[in-house]
Structure formats: C-alpha cells, structure tokens
Amino acid sequence: MKKETRANLIKQGAIWAFIVVELAFFSIAGEFLSVTETAFMDFDNMLLLLKQSAPIGIIALGMTIIMINGNIDLSVGATFALAAIVLLDSMTWPFMAAIGDWAIPLAWGFALLTGVVLGAINGLIVWKTGVDAFIVTLGSMLGYRGLVFMYNGEQPTSHLNWTLVDFAEAQFLGLHTATWFLLGAALLLWLLMTKTVHGRNAYAIGNNREAAVNAGIRVGPHFLWNFMLIGFLAALSAVVFYSESGSVNPNDGMLYELWAITAVVLGGTKLSGGYGSIISTLGGVIAIQLLRKGLGHIGADTETVNLVIGLILIAVLFLDRQLNRKGREELKT
Amino acid sequence: MAELTKKGVAGFLARQGILVAFVVFMIVFAIANPRFIDIDNIFGVIRSSAILGVMALGVTFVVIGGNLDLSVGSMMSFSTIVVLDLHDKIGPTLGIPVMFAMTMALGAFIGFLVGYLKLNSLIVTLGMLSAIHGLTLTYSGGKNMDIADKEGTWFGIFGQGSIAGVPVPIIMFALLAIVLSIILSRTPFGRKVYAVGGNGIAATFSGIPRARIVFMTYLMSSFCVATAGLIQASRSLGSQNTVGQGMELEVLAAVILGGASLLGGAGTIFKTVIGVLILGFIQNGLLLMGLAFYAQYVVTWIIIILAVWLDIAAKRGRLWSPIA
Amino acid sequence: MTDQTPALRLEGIVKTFPGVRALDGVSFAVMPGEVHALMGENGAGKSTLMKVLGGIHQPNEGQIFIAEEPTVMTSPIEAKSKGVVFIHQELSLADELTVAENIFLGELPRKSFGRVDWKTLYDQTNAILKTLNVGFDARTRVGDLSIANQQMVEIARALTVDPRAVIFDEPTASLTDAEKVVLFEVIADLQSRGVGVIYISHRMEEIFKITDRISVLRDGQYRGTLNTAETNEEEVTQLMIGRTLDLSRSESTHQMGDVALEVRNLSCGDLFEDVSFTVRKGEVVGFYGLVGAGRTEIAETLFGLRDPSSGTIMLDGEEVRINSPADAIKRGISLVPEDRKAQGLILGMNCRDNMTLPQVDDMTAGPFVSDGAEVAIFDQYRDKLDIRTPGWRQLVGNLSGGNQQKIVIGKWLSMHPEVLIVDEPTRGIDVGSKSEIHNLIRELAAQGYAVIVISSEMPEVLHVSDRIVAMFNGRVMREFTAEEVTEDSLIQAISGLETDKVA
C-alpha cells in the first residue's frame, strides 16, 4: 500500500520534475548559447510563457476530463476556429454595432454558445448512437472545419475592437488576462474533478464503465455534459486569444487537438481512462510551452520543437511502460 | 412481421451499407448532373483521390492489425520534400529509391515502437506526426521545395503522365490495391494480420510473432506513404512543407468508412477503396452541384457517423445505443 | 426459518429468447435467514435467472415476489432499492477510487453545488465496514486491496440498503482458504440478520458446508429443492445432470513409452520454484492445485511464453531452450490454454482459419494460402472430434463452449505434437462435451501422446490422470500414482499441509 502511494506521488510529481529540469537546462545552456542577452528565467519571459500556454492549455484542461472518461475529442481545433469566427463576425452585425461596447459580452456569449452547441452535438451522438468518441469526433473534426470554411470561404475573418484588445492585453497582479483565464479554468475544473459528484463519477466511469452503469450513474448525460464542457472551453480559449489578435484564418486551430492530447498525456492521464489530474495537465501544458521557448532561447530552429516534443511524448510513454512493468509476472505476448 | 422486414433491411444495409450508399450516391449525382458519370470526370476524381487512396491502403493494414497510424500525413510531406530535394541533388533515378528507404526507415521506427516495444499506437503515431513534421521542416530549412528544371525532367510521369489514356496515378493506385488486396486476403501474412488484430493474445498463443507482424504493417504503411509522396511530388514538381498536413485523419476516415474496425481484425482493401472513392465522388458531386469545396467536409462527417452507426446498430440489433 | 414469509419468491418464471426457452417455469423461494444454494451446469439457466431477478431481462411469464409483494424489476438499481443485491463473480469496482466512493458509487452524498459530502460519506462507510470487521478503512484506494478485500467492498456495498436478499455468484472463485473462512462468517452474519442469501457455486464442499437448502436447475427447468442436511453430493449431481457422471478412474490399457518431457529444477521468479517432473509417451500427468499454485505458469514457461530463471527442460533426453511459442511448436509442444476466448481463439474469425492458424505458413500453394489444404485439415478434425458447426465459414464466436474447445484442441492435434498440454480443458462447457473431452484425452494418450492436464476440478484430475502432481504455492508438494492417490491425501498436498515428499 505504501509502495503504491509512493508510485502515485512519483507519477504526479514527474511532470513538475521535468519542468524543473527544463528550466535548469535552458538556463544553463542559455548562458552559453543564447542568442539574446536576457536570461531564460527572466520574470517577464515566464509571464509571457504562461500567457502563451493559455490557448492550448484551456483546451487541454477540458481534454483531461474527456480522457478521464475514457473518451477523446478530436474536434476541438475546429470548434476553436468556429467559435473565433462567431466572436469576430458577430461584432460586425448591424444590431451589435449599434449597442456599442455592450456588443463585447454579447459576442463572447455567442462564441461560447457556439462551443457548447458543437460540444453538445458530439456528446449527443456519442450518447445516442453508441459510436466510439474517437470516430464521432474524427467525423465532426472534418464537419466543423467544413462549417468554418462555409462561413467565410477561405478568407480570414477580422474585426478589431480596441476595448477588447485593451482588456486582453491587460495585466492584473502581473499576470495577463489570458493567464488569469487559464488559471481560473484550472482551479474550477480542479474543484469539479476532486470535490463534486460529477467529477468523481467521471473517474468511476473511465475506471469501470460497467460498474458505473450498474450503480445507476447515467453515463450518456454525463458524457453529454463533458462534451459541452470541452466545447465551452475550446470556445473560451478562442475568445481569450482572438479578443487580442482580432483576425482568424479558417485553418486556425488545426492540430490543436493533437497538442492538447500531448499535454494531457505528458501530464500522466491514462489513455484508457479513470486516472489523471487537472493540475498535472497544467504541468504538461507548461512543459510544452517551456520547451518551445527554451529551444528558441538557445538558438535552435523553431522547427526542431515539433521534433523534440514528438520524441519526448514517445519517451514518456516508454518510461511509463518501463515503470509499470511487472518483470516475470508478465507474459511475453 | 413488419419488424422482421425492418430488421432484414437494416441488417442488409449494415452489412453492405457502404456499397449501397456508394451506388445510391452515384445514381443521385448522375441524375442531378449527367456530367458526373462522364469518363473524364470519373478519371479526374480517381486521379485526385489516388494520393489519399494509396495512403489509405497502407493504413488499412495497420488498422486491421489493431493499431492506428496518425503519422501518415506528415510522413507524406516528408517523402514529398525529400524526393524533390534529392531530384536536384542526385537525380530522380537514385533519388526515388533513397526517398523510399528514408520513409520506410521512419515506418520501421514506428513499427519497432508499436510492435516490439508495445507502446500505444495512438500516442506513438501522434508523437511521430509532430516529430516527422519537425524533421521535414529541419530538412528543408522551412522553405518550400521546387525542382529547378521543371521542363527538362521525366519525373512528372508519376503524377501527370498517362498510359493508354489512363492517368499514371490511377494505374499506380489500382496496381497497389490489387497487390495489397491479394497479400491481405490470400497469403499467410495477411491471415496473420487479421489474427493479430482480432485477438493478439490468441495469435501469440498460436505461435504467431505478433511484434513482427505489427512491425510489418507499419513498414507497408510507410511504403504506401512513400508512393503517395512520389505521386504528390511528381504532380506539382514542387511542394510546401505541409502538403500532407491533416491528411492522416482523412485517410483514417476513408478506412473507417470502408468498414474497418478500429478494434482491429476486420476490414478489406476493397472496402477501403470504396471508402476512398466515396470521399472523392462526394467532393466532386458537390462541386458539380455548385456547392463549395468545403461542403464535402460536412457531408463526409455525416456519412462517417451514419456508416459506423449502422454497422454497430446491426451488430447490437437495435438502432439507439443502450447507454442510459 | 421460523418466519413463514419468504424474503424472495419466484413463481413460474419463463424467459424465451429467439429459438431458446432459457427459463421454463422456474419457481423457488428463499426464506429470511436462509442460505439457499442455486446449482446447475453451465447453460442450465442460472445466469438468465439472475438477470431476470436483477431486472436486466424481463420474464415472459411468471412473477417475482418480495416479501410476498408482487414486484417488477427493471434495472439492477431498482432491484437494489427493493433490497435485492448482487455480489458478482467479476468484481465491479473502480480501482482508482476509494473504498467509500465505491461503496456509494452512483449515490454519493451531496452538498450544495453538487459537492460530495465527504464527512457523511466516510462516516457511513466506516460504520458499515465496522460491522464487517475488516482491516481497511474508507479512504483506502480499492486497487490497493486484495481480491478478498475487494469482495468485502462489494458486500459492504450491498449493506448500504437494508437487504432482504443477497445473491452471491461464485464468490470463492479466487479466494484463499483463509479468505473463504472470512466470507463464510460474513454470510453467517447476514443470515443472523434475517437476510435471505442465494449462493451460486459449483463447489460441492462449500455448498454442503454453508447452505440450508439446494435448488437445482437443468436446461432452464426447475428440478427441485433439497434440504442440505438430508441429501448428498450424488443426489445433487444426479439432479443437475440427469444421470450420474462416471468419474471413476480410467485404467490405462496401453503400454507407456520413453520419457518425452523432463523438467528439472525449473524456477520462474516468484511464480514457481524448483519444479521437477517427467512425462512419458502415452501418459497423462495431471497437475492439481489451487488457483495461483503456479500450474498455468509452468505450462506457459514450457510453451515459451515465460523465461525460466533457472532449471532445464529436456525433450526426448535433449536439453532445449524454448524462447517463444513458435519455438515450442517447432519442438512439438502444444498448449490448449486456460482461457479459451481470450487465449485460444480469435472469435471474429471462422472455424477453419482458427484451426489452421499455427500452420498457415505450411498450408500454401506457391505464395498463397491453399483453401483446399485448409478445408481438408478442418474436415478431418471436425469428423475426428465431432465438432458440430454448420460449416467452416461459421465464426467461432457463434459456437457453443464445447465446440469452441474442440476447435482449439483440433488446432493443436493437427500439428501432431509430441507433448500436449491442456489447461482447464472443460472449464465452462456442458456435461456432455465434458465427458467427450475426457475420453479424447485418454484416447490421445493411448495413441502415444505425452499429455499434461491442468485442472482445478479434482474429479477430472482423478479421472483422466495416470500420475498426479500436486502443487501448492509454486512448489511441487507431492507426486501420486493413480493407484495410490486418495482425495484426502490430494487435498492435504495442495493445501500445503504436507511437506515435500518428492525425492
């Protein structure tokens, strides 16, 4: 029992240890290789890092819950793009233009609603048809992207609202708006997963779905809620990001699902479901962003980031397997 | 009685649904626009589906073997960039086999990780998607790749040529489909792929070297990817680094549409070809009907869900899922 | 049994599926404070009956009464709310959650905003755990508990309601003797609280130890209820199978040949240690012991699925190293594995392809698989083993357990092995096929095969073996010849009560 607890601790601490290693490595290597004068551990640099983690990070938080359920969502990138388009485009609608700055919360509402609806469509299909979430969201990844293109063709959708930009660029207690959203979402979801019945049921379902069903947990509506939640978070991520940038290309958000999944897996969530933590996912998100920035800092081509992250993901998988091996207890199959 | 008939119809639809859907599609589109079944149009569709199709053939092996391959898109970008680069450096005659060797080395690496080290294929190929993308960018220095002398090379034959009026990409797709179909359905290796995907443990207990079979499926997949890269490079004689980006999921969609089970052990090359053609003809049919190119995505979405839904509905004997 | 109102009563339950009358007028009653055994062969209808009770199936005819109230069950949750609780054979727990969360799965106490009321949860859980007198607490992660303790969690779950009837489905399948004692105490405790207990098991010794009455099903029909104190195993068996099964020892009539397989001092980590034995051509050696005694692991090692840490394996007097199943097959060792569906068959594949799978490389004409050669093999072994299937195209998953097992046996016989290992050859198959398979094993020995039979059923081991190796805790405790073995001495050996007598 003690051994198990320690193993759990190692598992949950691993991602943070990895972050420390990254920090140390890039700081030291930076001394010798840095192309800029500033130190890697520079405070502003770290603040910026958190801000840049936000878009993928907010999505990854939702992906954690979906994956704890034993599902997966490949459509978040497209949801992200569609919510962004709704956000920016809705502000140009005549009645919206007429109400001044009140258009901002309304536009946010439209965008978030879009995310929730798209998520609900996925959730309903998973619930009612019983088709695996991987296939359902693989399909809607294409479908939602189709909607993105149908909305505005291959043209970018742009609208800059300076009030909005000011809000997005604001810093409160040193942290950027996007960072606050990331941390706030993380806190709420952490509470959801550890303190509420819904969160505990999410673990139970991913852990042993049949047992959960037999115990009377309504798995279908539960999935629906979680898909709505990840849809909401994908839209929230878009809202936070595009409030500042003000322009969305129809290809934006492509492969975000894969980045989010990478962060979740780095954070130690089990692919098969039933195990994982919001806080560790946050660690995974930060680790990826650190790597991105760090490689840039030591003068490596930004292209190598993809290479390194891909290999690290595989290495993590390999290590995880080695740690969980049972030696002779295991059949050579 | 009424219920029985309903069941019979549903059962038939589920078993042969994909073929029925294909035929219905063709008829509807043909009626809507006679140009749809024009031979040039049909050739055009198959030709533009060939790259996706060739990749789907390889992924069919991987999926029947019980695994996933999300890396084919970025691997195809890699092949395309490499062969274009080598074309100018060492010439196409040498460049093509070298590109195949390099691509298949990547496939072998994935096969080693999934087959011999038994790592989860979804995550491994997800990681390789990213890693190979990085590799391609590093290789090309982030720049687009173009053949210097586009007029003076025979390299365009794979993408642009035709033999006896049939475009070469179609011939390559068809040949590969026939050969791979025979391998899958008629050889001991093919049987073992089904066995390993159907029940890997039982296959091991029957003396089948599971790791080697899985390894081989990835090697075959990478061979197909290299072929697709060759066609892609030859078609345009120049390429961006991201030419295959996103194709992994479209390829998977075609394979699933064809009825291969993600759990492994089921599927055929023929059905995958049908899946590929459906995707191609939908796109074309919608275009001919005057709809925008991207409408196909939405239609594809609906078709994939319906296809898989009907399939499992027939297996469980009821339309709606029993999930409470 | 002083209270004359049954806790639970079934009246004329009929359940049909297309083409099958799975339950055909089943009636029986469980009194409060009674332990009532439900027995029957596999396929007799026990599990269907339980599904009707649990509301998973609706009966076509008949009625369920709880305390003489007519009741309709629509789901396991509803059954539970009405006081009918199941302790399943396969534990239905979530490993990653705590004991408390598992016990109150689906009904965690709530506070505002959907928060879990942890205090109430832990208090209630600990109160229940206290009555069960277990050595773990509410916050323990279930995955960290032993199987027996996990079962206690299941039982604790039953106690969250005031149960009228608790149904145990093969609860002792993976328990040690000490753990069984604890389980039986809990059952006795339930009994003293006036709960009616339905106890489903194949193990006669348990049935006679703890039950008050025994009801028997056969072919979906109710065959009668016996008072445990007034009956014996033979009578129950006869009711179950409709005739007495001849499980007397079969005499060897043939000559045994040379030693085919010799194992010396074989060890494999913690799984088994210092195991030595021989098998002659024409001999059946039975391996008997409890689950976890290391028998299956020896078979897997011989078949190349595990690497031994020390010791030697000799075939025909020659030392061999077996690194993989392919190696083992090449050297003439075959294994009919323990778990037919998970290890023996590819359920989505047809009968023929399953049967020829190990030799598909040799079934070729040129580079292609030869249909003719394959069908020939299939036909030969279908006739030889009397496999009942509409044709080779039939998916193996659609066959009955007995026919599936014959496909697996045919698969290995067609390889003409020298040493055939069969692990639990008759698990989960009907009586008729059982005796066919027993006869087949004897026949194979007569033909000169060296056969190892691993079984958890003592009658089976006694019936088919020429020699019996008794194992306990990874060690060979004793070897018996068929002449000298008695049930008592065998039980002693596999319980670790007797010291190693092998030279």
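We just call them A, B and C in the order they show up, numbering each chain from 1.
By our rule, contacts are C-beta pairs under 8 Å (C-beta built on N, C-alpha and C of every residue); 3 or more make two chains touch, one makes a residue touch a chain.
Just so it is clear, the structure is predicted and the values come from calculations on it, not from any experiment.
Farthest chain from chain A, judged by C-alpha centroids: C.
The interface with the largest number of contacting C-beta pairs joins chains A-B. With centres defined as mean CA coordinates, chain C is found 45 Å away from chain A. Chain B has its Cα centroid 29 Å from the Cα centroid of chain A.
Counting partner chains per residue, chain A shows two or more touched chains at residues 332-333. Across the assembly, chain B contributes residues 201, 204 that each touch 2 or more other chains.
For chain C, residues that reach two or more other chains under the stated contact definition are 305, 324.
The touching residues of chain A, when paired with chain B in their complex, are 74, 125, 127-132, 134-136, 138-150, 153, 213, 218-220, 223, 254-255, 258, 261-262, 265, 271, 301, 303-314, 317-318, 321, 332-333. Per the touch definition, chain B reaches chain A in the complex via residues 70, 113, 117-120, 122-124, 126-135, 137-138, 141-142, 200-201, 204, 210, 245-246, 249-250, 252-253, 256, 262, 292-298, 300-302, 304-305, 308-309, 312-313, 316, 320-324. For chain C in complex with chain B, the touching residues are 303, 305, 324-326, 328-329, 335, 337, 342-349, 353, 357-358, 360-361, 363-364, 367-369, 411. In the complex of the two chains, the chain C residues touching chain A come out as 75-77, 92-97, 101, 105-108, 110, 113-116, 140-141, 143-144, 268-271, 300, 304-307, 309, 324. Those residues of chain B lying in contact with chain C across their complex are 182, 186-188, 191-192, 194-195, 198-199, 201-209, 265-266.
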